[in-house]
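Presented sequentially are two complexes of subunit A, the first with subunit B as partner and the second with subunit C.
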Partner chain A sequence: MDAAPPIAKRRPKRWRLMPERGTLSLFELALLAICVALVVARPPQYLQDVIIQTFLWAGLALAWNIAGGFAGLISFGHAAFFGLGAYTSTILTVNHGVTPWIGLWIGGALAAVFATLLTLVCARLRGPFFILSTLAAAEVVRIAALNWEKLTGGAEGLAILPTASVANMVFDSKTTYAALMLGYLVIVYAVTKAVEGSRYGYYLFAARDDEDAASAAGVNPLLARTGAMGLSAFLTGIGGSLFAQYFLFLDPTHVLSPELSFQFALLPALGGLGTAIGPVLGSFAITPLSEMLRVYFGGKAAGLHLAIYGGVLVIVMLYFPSGIAGALRRLAQRRRSDAP
Partner chain B sequence: MTTVGQLVLSGLLIGGIYALMSIGLTLIFGVLRVVNFAHGEFLMLAMYGAWAMTKYLGLNPYYSVVAIVPAMFLFGVLVHRMIVAPALDKPHLVVVFATMGLSILMQNVALMAMSADLLDVPPMLGGRSFSFGPFYAKPELLIGFAVAVACTLALRFMLQATYLGKAIRATVQDGEAAQLMGVPVPRIFLITFAAGSALVGLSACVMMPLFSVFPTVGLNFVLIAFVIVVLGGMGSIEGALLGGICIGIVQSLSSYYIAPAFGQMFFFMLFLLVMIFRPAGLLGRKGEASIGIND
Partner chain C sequence: MTALLEVRDLTRAFGALKAVAGVSFSIRAGELVGLIGPNGAGKSTLYNVIAGAIAPSSGEVVFKGRPVAGWKPYQAARAGVARTFQIPKPYRHLSVLENVALSALLHERTVAAARDSAGVVLAEVGLADYLDVPVANLTVGLLKRLEVARAIALRPSLVLFDEIMAGLTPSEVKGMTSLVAALPARGITVIWVEHVLYAIMNTAPRIMVLHRGELIADGAPATLAKDPAVIKAYLGEETSLA
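And now, the complex of A and B:
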C-alpha cells in the first residue's frame, strides 16, 4: 500500500489510509464495505442479532461522543434521552396510531429540548458536578416513568404488538433490521464527521480544551456546548425509538437505567474519546464480545462478560487513555515514519 | 403531629446512616479532587464481608468492624496504588472511567461469586423497637446515628488537631506549597483514600443489620451518597452530616405523604436545585463547582 514518497505526495488528499478529521479514509470505507457485506450475507439468526445490536450501539456511542468527546460534556444521563425517544415513539404508535417513522423525529426532538434545557441550567458546572447532575436528571426521568403508569405502563412496561409492516416499522426479517440499524449508524457517523470537520466542531474543541481562550477568541462556550448536547440527545432519542422498534418492549428499569447511561459513555471511552471512528471501534470490539460471552456462558457465569468489560476498561483507561482509535493512529504514524 | 414527629425522627436517624456512608466519598473528593465511582461497590464488598462474618463466625455484625475496617483500609491502599494514583496526573475523565470500570468489575465478580440473592442478617432484639414517649426507633437506627455523629466529630477533631489532619488540610489548600513545606503529598493522598475506604467499611457494618446485601446494592446507595455529598458541599464533612439528615427527612416525609417512589425523585430534584442555585453546596466553599475537567 505504502508507495514511495513522491507518489504519496501526489495521492489526492481525500484518500488517506487512516481516519482523519475532515476527510474520508480508506479505513472507513473498508469498514463500511464490511458492514454492508455483513447485512447482505444474511448470517444465522443469532449472529444477525449481534450485528444489529453492534450497529445500534455504535450509533448511540457516536451520539454520546458528540457531547462527551467533542464538547467535553461527560454525561451519565443519556439513558434519559434514549428513554424519551423510545417512549415517545412507542406511546404515539400504541395509543395514537402514529407511525414510528414520524414518532422517532418527535422523540428525538423532545430529547433534544430536554437536553438543551438541562445543559443551559447546568452549564456552569464542571467535571464531576456536571456528571452527577446528568445522573440525577436521568434518575428523575426514570422514577417519573416508573410511576406515571397511565402513560408508560410503569414497571410492567409497554409492549408494541408485533404486526409486521413497513408503516409500523416492525419487520419479520432480521436483515431488514440490520439494514435499518446500519442506516442509523451511517447517518450518525456522517453527522459526526460533518461536525468534526466544521467550524462549529472547532468551536467545540476550543471550548472543551480551554474555555477562557475560546471565549477570548469569540466562541460562545455556552452556546456551543448546549448545541452539542442537544444534537447528541436528538440522535440518542432516535436511537431509542429504533431500539423500541427492534425489541418491541420497554420498561423503565432497563431503558432508563443508570447502567445504560454508563454503557453509552464507556463504548466511546474504550474506542477513543473525541474521535469519529473511536466510538464505532469501541462498539465493534465490545458489543459482539459481550454478546458472545453471554451466549457462550449463559446462566453459568452471569456477569462474566461485564466483569471482563470492567477490567478491560480499567486497563485501557490507565494505559491507553486514547483508546483503540489512539492505538490505530500511533500504528499509522509508525508506518509513515518507517516508510523509506 | 405525632406522625410528623415520628417521620422526622425516622428520617433523621436514617439520614445519619446515609451521612456515614457518604463521609468517605466526601473526604476523598475534598482531598484528592476525584470522585470515586466505585464507592458503592466498596460498600457492597464490605457489606458482604460483614454478612459473611455474621453467617460463618456467628459474630454480631457490629463486632465485625474489627476486621472489616482494617480490611477495607488495605483494600483502599490497593485500589489507590493500582488505579487512582496512576490516574491522578491524567485528565479528569481517566479517573472517572477507571473507577467506573472498577465498579462494573466488582459488581459482576460479586454476581458470579454470590449470585443475585438478597442476603440479610437477623435483626437485633428480635426486631423490637425502643419507645420514647409516643415515638419509636429501631435500635439499629439509633446505633447507626450515634456512630455517624461520633465519626463526624472524631474526623473533625483529627483534621483540626493532629499533625496528619493539618497535613491533609495543607494539601487541600495548596498541594504544591504543602509539598515544598515537607508534607509528603502522595502519601497523604494514599492515607486519605484508604481512610475513606475504611469509613465505607465502618458504615457497611452499621448498615448490614438494616439493609439486605446484593451485587448491585451499591448503585442504590451511591446515588444517595452523591446527592448528600453535593448537597453538603463536596469535601465538607459536617456538610455530609447535614446533607444526609436533610435527605433522610425529605425521603421519610415525602414517601409517607406523597408516595414511596416519589421520595427518591424528590431528593434528586432537590439535588438539581442545589446544583443550579448553590452549586458549592450548603456548606461548601464558593467556586468549588467550577473546577475544570482538566484541572
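And now, the complex of A and C:
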C-alpha cells in the first residue's frame, strides 16, 4: 500500500460565521459587541437588573456545562458549589474584613475541593443515581447552613454592608455590576472554549460518550471526570461570590435551593448541551423571559408566570432537542448545502 | 527472541463458570496470530483480561517482560496494547476524524497534530471520505473500520482485533486483510479473533483454538485443519477448512 497522503490539512485561518469547536466565530464576536453595548448604553434600571442577571446566569450555565455537557456529569447539586462560594466570600468579608476580590478565589477553591471529593465518591454511580447523589449532597449543605447559625446566620441569613467601594466590591452604579458580570461571563466562556478545543476536552467528550473506549485509548476516565467537576464547581463558586456582592444578602433557602440547581441544568439543556455557545443562548433566551413574566404576572395572577415559563420549556424541549445551538447549526448547514 | 506477550495459566471465572480456564501461550514480537473458537469459547474474556478491562481470577500476564495482570485499560493502552471492540463503541457525539484523533493524542503533542495523523490512519482503512461525518450515520461495516483506525492510531506494539471483518463485503474483506497482514512489518504484533475463517486461515501463519475456555490447539492453519480435536470442537465433522 502506498504511503497515504496527509489528507487532514489544517484549514486556512479565516473567520467562521457560526460557532465551532476550537475557533472563534463572527457570531460570538457580534454577541460580545451587543453585550458591551448593553452595558455601555445604561438602559433604565429595571432593564439593567435583567441584563446583570442574564450575564451572571449565562456564566453559571457555562460553568455547569463543563461538568454536565462536556463530561456528561449531570448534576442537580450545583447550588452547593454556588452557595459555598457565596458564603465563603461573604463570611470572610463580614467577619474578617477580607476583600471579596480575594474571598471569591477562596470560595471557588473550597467549592472545587468539595466537588472533587464528591465526584471521587459518587462517580461510580451512573445516570439517575449520580444525579440523585448530587441532589442529596446539596441538600446536606443547605441543611448544614440552616443549622450552623454561628457561621452562616442560619435562616436569618447574612447581610453585606452596602458601603460602596471598589475594595468592598460594592457599587452604586448598576452599570458597574453589569460590567462585572459581563467580565465573569467572558472569562468563563474563554475557559470553556479553551477546554473544548484542547486535549483535555477530547478526553472529556470521549469519556462521556463511551467510557470503555476512552479507557482503551489511554484516557483515565475517573481523573478526567473529577477534573471537570472541580473546574465546574470552581467557576460556579466564583459566580456565587459575585451574586452575593450584587444581592448583598444571603440565606440558605435562596442560595442553596434545589430550584437553583435545576436552573443551572436547565439553561444549558435549552441552549444546547455540550456546546460553548448553548448555555449562553439559553440564559439570553430564558432569564429575561422569566424575569418579564414574573414582573407582568407575578402580582396579578400568582403562579401564572411559572405556568407560562413551564409551557415554553416543554415546547423547546420537544421541538429543539439539541437546544437553540442545535437549531442554529442546522440552519447554518442548510445555508451551506443551498450554496452552489 | 523474547516474548512480547506471555500468558501463563490464566483463569477467569464468573461464578461457577470458567470462561477462561488455565490458558498459557506466548507471542513473539512481529507475529500475526489468529484466535478462533466457537461462540462462548472465552475469546472476549481473554481479550478483556489482557487489555485490562477485567482482572483475572488467577494466572499471569506478562507484557514486555513486566507482570501486568489486573492493570487498567488506560495503563494497557499507554504501555502499547490496543484493542477493538466486537460491538463497536464509537464516541457518538464526535466526528469520524475526532474519534481517531482521540487515539492519536496518546503520542501527538497537539490536537492539530493528532487530527493530522488521524487523517492518515483513516485514509489507510478507507474512511478518507467520512472525516466530518457524525458517527451516528455510519454503517456497521464502517464502524468496524473506525475501530481498526482507532486501534492503529494508538501506535501499539500489540493489537487485539475482535471480529473486524463482520459486516464487510468480500472486496472490503480483501482490503482489510492486506491491511492487517502488513501490520507486523510496521512493528505492530497482531492477535486476531475472526469468524470470517477464510480471511484468517489464509493470512495468519499461526492459529490458536480456544474451546470452552481452554486452548485446545496452537499451530499452523494446515496442521489445525487436520487436527481431530479442532474439527470436532469447532468445525463439526466432515468439514474442510481451506
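The working rule: the second predicted complex is superposed on the first by the 326 of 340 C-alpha atoms of A that agree within 3 Å, B and C clash if a C-alpha of one lies under 4 Å from a C-alpha of the other, contacts with A are read in each partner's own complex, and residues count from 1 in each chain.
The criterion applied here is as follows: a contact is a pair of C-beta atoms (placed from the backbone, for glycine too) under 8 Å apart; a residue touches a chain by one contact, two chains touch by 3 or more.
Not measured: the values here are computed from a predicted model.
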Ask   = Regarding the shared-chain residue A:216, is it in contact with subunit B (first), subunit C (second), both, or neither?
value = second
Contacts of A:205 with subunit B and subunit C, given as first, second, both or neither = second
Message = Quick check on the superposed pair: does A:307 touch subunit B, subunit C, both, or neither? Answer first, second, both or neither.
response = first
Request  = Please indicate which partner A:50 is in contact with in the superposed arrangement: first for subunit B, second for subunit C, both, or neither.
outcome  = neither
Request  = Quick one: classify A:135 as touching subunit B (first), subunit C (second), both or neither.
outcome  = first
Key: In the superposition, subunit B vs subunit C on subunit A residues touched   = B
Request  = Could you tell me if A:22 is touching subunit B, subunit C, both of them or neither one (first, second, both, neither)?
outcome  = second
Message = On the A-aligned overlay, A:195 touches which partner chain: subunit B = first, subunit C = second, or both, or neither?
response = neither
Ask   = Which parts of subunit A are touched by subunit B and by subunit C alike?
value = 209
Query = Can you list the residues on subunit B that touch subunit A in the complex?
reply = 29, 34-35, 83, 86-87, 90-94, 96-98, 100-109, 111-112, 116, 215, 219, 223, 226-227, 230, 234, 259, 261-262, 264-265, 268-269, 271-272, 275-276, 279, 289-295
Request  = Using the touch definition up top, name the residues of subunit A that touch subunit C in the complex.
outcome  = 1, 4-10, 22, 197-199, 202-203, 205-206, 208-210, 212-221, 274
Query = How about subunit C: which of its residues touch subunit A in the complex?
reply = 51, 53, 72-74, 76-78, 82-83, 85, 89-94, 97-98, 101-103, 105-106, 110-112, 114-116, 118-120, 122-124, 128, 131, 150, 154, 178-179, 182
Inquiry  = For a test of understanding, state which residues of subunit A touch subunit B in their complex under the given definition.
reply    = 72, 74, 121-122, 124-129, 131-133, 135-137, 139-140, 143-144, 146-147, 209, 211, 258-259, 262, 265-266, 269, 273, 301-304, 306-307, 309-314, 317-318, 321
